[in-house]
């Protein structure tokens, strides 16, 4: 393995991590603030991708399609919030798991019904479809760089929002001490809706950004959802900083593991054994990582002190 | 003297055992009717109900009795199926050997993963069980020798003392019913033993159980291992019925469906888990008959059930639960 | 004084910047009723938690019946004979009163929790449970759900759950708080009958109860021991009068 291949995979891992962060940020906030397990969060990712794809195809303009797609995904998210999630936030975790699992089944099949079973694709904007040379022998796709940039911008904005604004202060306080915040005369319900809408928007945005790199199908949110959960559990539930660190960690470990596990194993094992074990170990790495982190720190890396 | 006090609780087992017997008799009757009518489809469907119900039952023991919400129980079922597949490849296909093997292997896997997962609580626990299930999934997916992602056909159906008891649809259905009966009565009984008493106490009030001197961790660990072992036996039968095993048995959607069955039947009711399993499978089949988008319907049923009333079917029937 | 049943040595505990236990050293003698008093927030419950093992001290040692139990968890300490009555009643609500006591009795059985028999029908366990319930006057309530008990009855149930274990030390965190006058009198009477048989570390706000029951009194102020001594001595102490018994204290 040479340096440019390593750099390429590291960038891919970073880009993947950014997508995971965009999804996990909303999940961790919703969970931290509302104590609500939303398995259907991945649905927003899928909706973002589908709706953006269909609006981009209609308008033949990426920016316009993205805006319309996000707006539509958000509208559906708010609808779900009002119809289902709002009630579930007052129920036990078990019922939350169950109810949002039901929502996944409904939305997944509804998408299949509306868009058909065949995977769709999303065309990236012309201007960002090329690649640029980053170093000797390494051309890197502009679109992936755009995802990394977008992730960084969102992370920075979120950090400013949570650390520096009044709403952010309330969100931080709301997750640790609900009564106090209520006592301050703040409408907790409205705060929740705000957080939820924001999280849904980020997940839909992640879906739209990842759309051009994936085949768009009804179950595309499943994988991302599970990984996002791994991210927030490793990072510590409720912690934006934890989500960011853990998302990048997971993105890098997963991507590099898949790219290099077999080669690394070949250093110590026979070729045949390494080829057999490599992919298995690569796909398990993040779960092993999660288990290790939780055994060492049962509340995650940044857990136990609310959003930070 | 004081012993003479009148007691409602003197026969704590009577009600749940009666419910269990009712459920089992109903299933047995259905199997016999299907057999008498020579309806192979129904027979195999009922066998699937019994097998799935056994898996749901073992999860119900975890959720309803021990308070451990596992979101990865399908992996335990799938691992049991894989034990059947792999052992079969090495010529082990007699249940006298296969069943204990599957039970022990999966109980051990469950115990090891639970030892880690039980260090956490709440959502962290739920997500860790999911993570371990995903690990099992990917391990099996990578075993190209045993079919990898595509899965693999079972060498042959299992025997019992050399007799091909699982060969026919009826034999399989009866074996599934026998397993279900043993598991159901065993679990119901267990809740009233000393062990079960402590398990239930720890579920409701862990600090009390600890302060009284019970090492809650161990009790929960054993429950987790036991439930895993029973799920594995269901997996062995599942593999025999399908004559095929693939990683899709361990898909997390299946774990979700098992939770649905448990909760629909009333989370704290063991016979309820059997009813929940039957209801979900019937909904799936009925809707699947009618539209390929049956998951949409199932999802709507689940959401409605959760929203309308704590998702407990038994409450709809107005039956009092312990 | 013969060897103490419980000895605390330089126990220290902080929650973040808040130091709730400061170098607490204290002995409970065998057979002694030792009262622990102090204003709200003095750190009494926190101290009991450290003795029972549900909280780990930052430093210092807990010695129970001659054994250093500082690093043992709560179940291990319970099995060595520590029984705790929580400040906020802590019973299994969905169980019957009898089941709660049977549960507690189980914890000290040598056969632990094996056995295929139905636990609630075990004659040995039932007999022990009824005996304990009789002591606290709850026999009539045995078949009822714990959730249906009055506040005072719940306290009595928790006491029975401790009694059935024949503890070597009883940790009682405000057992009388919130009970009615009649129940409170009954509980005091019960504790008086236990006196001499089971040593107790008793947190109690009602001073008449404290001075009626206690052999010695320790006053905790801001997490530190202000004074330990016989009730009369403590009552007369100027510091105590100011810090705790002082009039005008809310």
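First chain written, first letter: the chains are A, B and C, and each begins at residue 1.
We adopt the following convention: a contact is a pair of C-beta atoms (placed from the backbone, for glycine too) under 8 Å apart; a residue touches a chain by one contact, two chains touch by 3 or more.
Everything quoted here is computed from the prediction, not taken from an experiment.
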{"item": "Shortest chain-hopping distance from chain A out to chain C", "value": "2"}
{"item": "Chain whose mean Cα position lies farthest from chain A", "value": "C"}
{"item": "Approximate Å spacing (C-alpha centroids) for the pair chain A, chain C", "value": "50"}
{"item": "Whole-Å separation of chain centres (CA-atom averages), chain A against chain B", "value": "32"}
{"item": "Distance between the centres, which are taken as Cα means, of chain C and chain B, whole angstrom", "value": "42"}
{"item": "Chain B-facing residues of chain A, complex", "value": "31, 37, 39, 84, 87-88, 91, 93-95, 97-99, 101-110, 112-113, 222, 226, 229-230, 233, 237, 276-277, 279-280, 283-284, 287-288, 290-291, 294-295, 298-300"}
{"item": "Chain B residues within the chain C interface of the complex", "value": "2-3, 5-10, 12-13, 189, 192-198, 200-201, 204-205, 207-216, 219, 322"}
{"item": "Residues on chain C engaged by chain B in the complex (per definition of touch)", "value": "52, 54, 73-76, 78-79, 84, 86, 90-96, 98-99, 102-104, 106-108, 112-122, 126-127, 130, 133-134, 139-140, 142-143, 161, 165"}
{"item": "Residue ranges of chain B touching chain A (in the complex, touch as defined)", "value": "63, 69, 71, 116, 119-124, 126-128, 130-132, 134-135, 138-139, 141-145, 252-253, 256, 259-260, 263, 267, 293-296, 298-303, 306-307, 310-311"}
